[in-house]
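Have a look at this one.
Which chain is which? They are A, B, C, D, E and F, in the order written, and residues in each are numbered from 1.
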Amino acid sequence: MELRELTLVTIITERLLRDEIIDRLKETGVSGYTLSDATGEGSRGIRASDWEGKNVKIEVIVNHSTAEKIIQQISDEYFENYAVVAYTQAVRVVRGEKYMS
Amino acid sequence: MESLISNFASPVVLAFTLGIAAKLLKSDLEIPKPLYQGLSIYLLLAIGLKGGVELSKTSLNAFIGPAFITLLLGVLTPLIAYAILRYLGRMDMINSSAIAAHYGSVSAVTFIAAISYVESLGYSPEGFMPTLVALLEVPGIIVALIIPQLSNSGNGSFKKALHEVVTGSSIILLLGGLIIGFVAGPVKFESVQPFFVSGFQGALVLFLLELGMVTARRLSDLKKVGVFLLGFGILVPILHGVLAIWLGLMVGLSVAGATVLAAMVSSGSYIAAPAAVRIALPKANPSYYLTASLGITFPFNITIGIPIYYLIATWMGV
Amino acid sequence: MESLISNFASPVVLAFTLGIAAKLLKSDLEIPKPLYQGLSIYLLLAIGLKGGVELSKTSLNAFIGPAFITLLLGVLTPLIAYAILRYLGRMDMINSSAIAAHYGSVSAVTFIAAISYVESLGYSPEGFMPTLVALLEVPGIIVALIIPQLSNSGNGSFKKALHEVVTGSSIILLLGGLIIGFVAGPVKFESVQPFFVSGFQGALVLFLLELGMVTARRLSDLKKVGVFLLGFGILVPILHGVLAIWLGLMVGLSVAGATVLAAMVSSGSYIAAPAAVRIALPKANPSYYLTASLGITFPFNITIGIPIYYLIATWMGV
Amino acid sequence: MESLISNFASPVVLAFTLGIAAKLLKSDLEIPKPLYQGLSIYLLLAIGLKGGVELSKTSLNAFIGPAFITLLLGVLTPLIAYAILRYLGRMDMINSSAIAAHYGSVSAVTFIAAISYVESLGYSPEGFMPTLVALLEVPGIIVALIIPQLSNSGNGSFKKALHEVVTGSSIILLLGGLIIGFVAGPVKFESVQPFFVSGFQGALVLFLLELGMVTARRLSDLKKVGVFLLGFGILVPILHGVLAIWLGLMVGLSVAGATVLAAMVSSGSYIAAPAAVRIALPKANPSYYLTASLGITFPFNITIGIPIYYLIATWMGV
Amino acid sequence: MELRELTLVTIITERLLRDEIIDRLKETGVSGYTLSDATGEGSRGIRASDWEGKNVKIEVIVNHSTAEKIIQQISDEYFENYAVVAYTQAVRVVRGEKYMS
Amino acid sequence: MELRELTLVTIITERLLRDEIIDRLKETGVSGYTLSDATGEGSRGIRASDWEGKNVKIEVIVNHSTAEKIIQQISDEYFENYAVVAYTQAVRVVRGEKYMS
């Protein structure tokens, strides 16, 4: 089984931004994404989603250059005003060619 | 005085207090989020349904006056709130309109608490009151969010915020419920009556238990927001309430109806408004608007405010 | 015609429409998954319980005929559906039997909607109808899944799928409820009556709100599946429904009972069947079977189908 | 004998059996965790509320005797349990006090089952029984957890455990409900009656369905814990039950009241106690204490135990 | 505190396969596993679990060779017919010897 | 967009320890943390939280030395008596300076 080295981008953000960020990701051409619920605290203290009490964790497996693009976009659009944490990790993916969008 | 104590002893208000106490005692009590969301959906839909059924029995004539002043108050109150915050409180434009958006909108739970309160005193307010909630929910938020738009300093997306408000779950459920209730009418409504009407007050007890816990978490922010906002969160609702009573009685609302209208108008939304503000004015500080509407005005209204509006309405209604 | 409009104005059908509208308006309304699962559990258990209590009052004689034709229809309908799909629609064997499995089974909500509908017209269908739902749930799925087995082209695990169907939550809740209701009997059932009977219709409103949203997501698939499946999803239910009415009246069911049986038989499962098909026939395309049963037949049945079955039953029942 | 069979045929006990059966059949049935937590919150609050309303109608005189012996039993029963485990069962100190803490506390569901049982026989137990549950919940756990503290071998945090017990959700909801019910009184309670009283038995059915599934998972541990604990889990409850009946009748409880008290005292907590034990005695083996209280004593009590306590109470009460 | 270098295998798949995959993992002799709920979109579009609306994320910490075995098995049995994403990452685990099954 | 190399510490543990571990993390001076629900099985078989049925996953992004401190503390205080799994991964974080507590 060949594993392909790709990048896992994880974005933790306010529930409010979920649909918008997913739309952005789709525009970038990702082949898929995974969502899960999370809560947490960060530097911003309370915020609107404090009422909903939820963050959302978006995980997306992409090749290196798409990862860069996503990170760039997230930084530009959301970092100033919203609670967003984003990081990347190297992962070795089965059937990795699926994600080479 | 008696009517005040009577309000404090209602299971709903007591449950709110229990929620606050549980958090202060650092209890591990937690209402699961899906249960809480389920209760919100249930309560909003139930208000809408009941309102729709009542509306189907109301003549347009009786409704048009109250509908008009509700819209009027939806435009006036955020402007009043904005002016006070900006010029009396010397707050910046962004935060002033963020807070004003909340006070232009309406807290559904405060509305329900007011209905329950006057009903417990033996009154039955006008059947179309829930319709007024739906009318009041949207314009106030929009008016307040337009202000920074005018000077081009919103920095968020006004259009997206507008969509959020109009298609937000509270409006969909309230308006949707209204239409369903109106179309179904009293006879077809009977089969769902036990679920949506008999169970209502009890579900409200659970809901306010959670709201008490949410409010308690907000209490620690009270210090941060300062004494001006504390005063604002109590006095402005009274001001708006008196305005609502005056206009309400003028267009022919009963004392009970005017009391409920006052509670609605004076209250600040903490579901629809925060989401809209977060989108349209991301730079506004949530500590201010959430603490004011949820930490100050909401507990004030459901404990002391509503009985006060009732007393004023009785007094002005003579 | 009037009976049709009456069905459209029922809170339950209106809630379904509201759900569709909410999704089309891109509202952020969401029924939390656990609430939705909780409602399913409640509704299935409640049907079972009520059926069991009624069954404990029914003579075996009255029940044996309807039970027999229900099993017969459970075997016939997937075969009819399969033949139409494979030879008229020229679909491959795997997808034909996957869809046939759905139409062999039964949609509990369609069943409930049919019961509510005839009750709203003042009828009371036979008490053992929920028992028939349990009888109809399993055989149709099995029959359809056996077909590819015969030519050894299933590629999934038939045995696992069988276990999934028989011990699936819908069967456990329906059958379990039936047994509990039967053993407890009417007197001991009284204490749980307010929860499981009075609350039922209201809970159904919330459930259909969600189902409307699920259906709306399916609508965009309608184009993909093509006009043949669209016709199939409307005409085959009518065919199966007429068959059920004819056999039902023959074994002595009332007009109301025959209407409900028709709704059951014509409907396609979207809980038990998809899971079983996914296991037994993983190569089948879910777009086909989910869109047909949930996107076409389900909305057709609960809006127009049931009143049509009623009209046909009245007409044939003379 | 008849009263035993009658208990087995109650929907609540049948639902418990269904839950066990579902797990043994490896069904995929799952009660979503938030629903289950919501049901717990609802049931505990409802018990508290009803108890509070009843308490507001009770004279202090009638209440003081039962309250005293409840506290006494809260201290005695964990000591008895500890002595039997340590000296008869030759268990180590940590596990002995861990198990004793469970039997010193009370299982709210067993309490509810006992109330339902005697009510189904036509009795109405004393209104302050839920108050006694709240009194019994805490002291037994504390007494048992103090034992290892004395010889300094607890290794966990006694203080944290104490806080956990006193502010745990069960106490907050029970006591909070009691106070709300007491302050609100019968008249103001009426509006929430349909939700908290009429719906109660039905909600209990769903709850016991889940509890049956949890118990079934425990059954496989029965072998691991050995025959001594099996005997302990049945005989010690009977011993505690008889003690409770004897003292209960002595201070003037009715036969029904004594039966319910016996069920409470004999039962072992599986919500408050496990959490406290986990904190105070982390080295204790959960297989022992959970299997004993949840896998043995709980099913014994709700099926056979309660009818036995009733028979003994009738017999001693003559 | 010595940390041991091990492999974290993450499998995101349809809820339907959960119990089966866990049984497989246990047969392979893993010392434990962690489950969480997730949703997502991928190349397959809708599928049966679309109704349930849920994926499940299975995470399991194993040594390198067991990771290979798991990946191989998952590929062989599920990739053709089911929605499955699987990837591995290097992690440094506290008390790593526990996981050297 | 410069990404900074930091350490993601993941702790999977019984629900019961959640608040305590979060308090410990805050004392260590982390800038934030993310929580999500999980279930699972491990070497301990059943435990008290078996009743609650839930584990909790705590994720925290910190610099290397803070990660060491957290791991050390968790090991010392909880490993003997409680169900805890902890591991670290290297991640590349956007706006990484935020997390250099």
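Points to keep in mind about this one:
In this text, a residue touches a chain if its C-beta (ideal position, glycine included) is under 8 Å from a C-beta of that chain, and two chains touch if they have at least 3 such contacts.
Worth saying up front: this structure is predicted, and the values here are computed from it rather than measured.
Among the remaining chains, those touching subunit B and also subunit D are C. Steps from subunit D to subunit E, minimised over paths through touching chains, total 2.
In this assembly, F is the chain whose CA centroid lies farthest from the centroid of subunit C. Taken over every residue number at the interface, the positions common to subunit B and subunit C amount to under half, indicating a different-residue contact. Annotation: A-F is the more contact-rich of the chain pairs A-F and C-E, by number of C-beta pairs in contact. Averaging Cα coordinates per chain places subunit C and subunit D 41 Å apart. Centre-to-centre separation of subunit E and subunit F, using mean CA positions: 20 Å. Taking each chain's centre as the average of its CA atoms, subunit D and subunit F sit 35 Å apart.
Touching of two or more other chains is recorded for residues 36-37, 89 of subunit E.
Touching two or more other chains at once are residues 28, 32-35, 194, 198-199 of subunit D. Viewed as a network of touching protein chains, the structure does not reduce to a path, ring, star or complete graph. Looking at which chains touch one another, you get A-B, A-E, A-F, B-C, B-D, C-D, C-E, D-F, E-F.
Across the interface of their complex, subunit B is touched by residues 32-35, 37-38, 41-42, 45, 49, 163-164, 167-169, 172-173, 176, 179-181, 183-185, 188-189, 191-196, 198-199 of subunit D.
In the complex of the two chains, the subunit E residues touching subunit F come out as 1, 3, 6, 8, 31-37, 61, 89-95, 98. Against subunit E, in their complex, subunit F makes its touches with residues 10, 12, 36-43, 55, 57, 68, 71-72, 74-75, 79, 85-89.
Subunit B contributes residues 33, 155-156, 214, 221, 270-271, 274-275, 277-279, 282-283, 286-287, 290, 294 to its touches with subunit A in the complex.
On subunit C, the positions that touch subunit B within their shared complex are 9-11, 14-15, 18, 21-22, 25-35, 116, 120, 194, 198-203, 205-206, 209.
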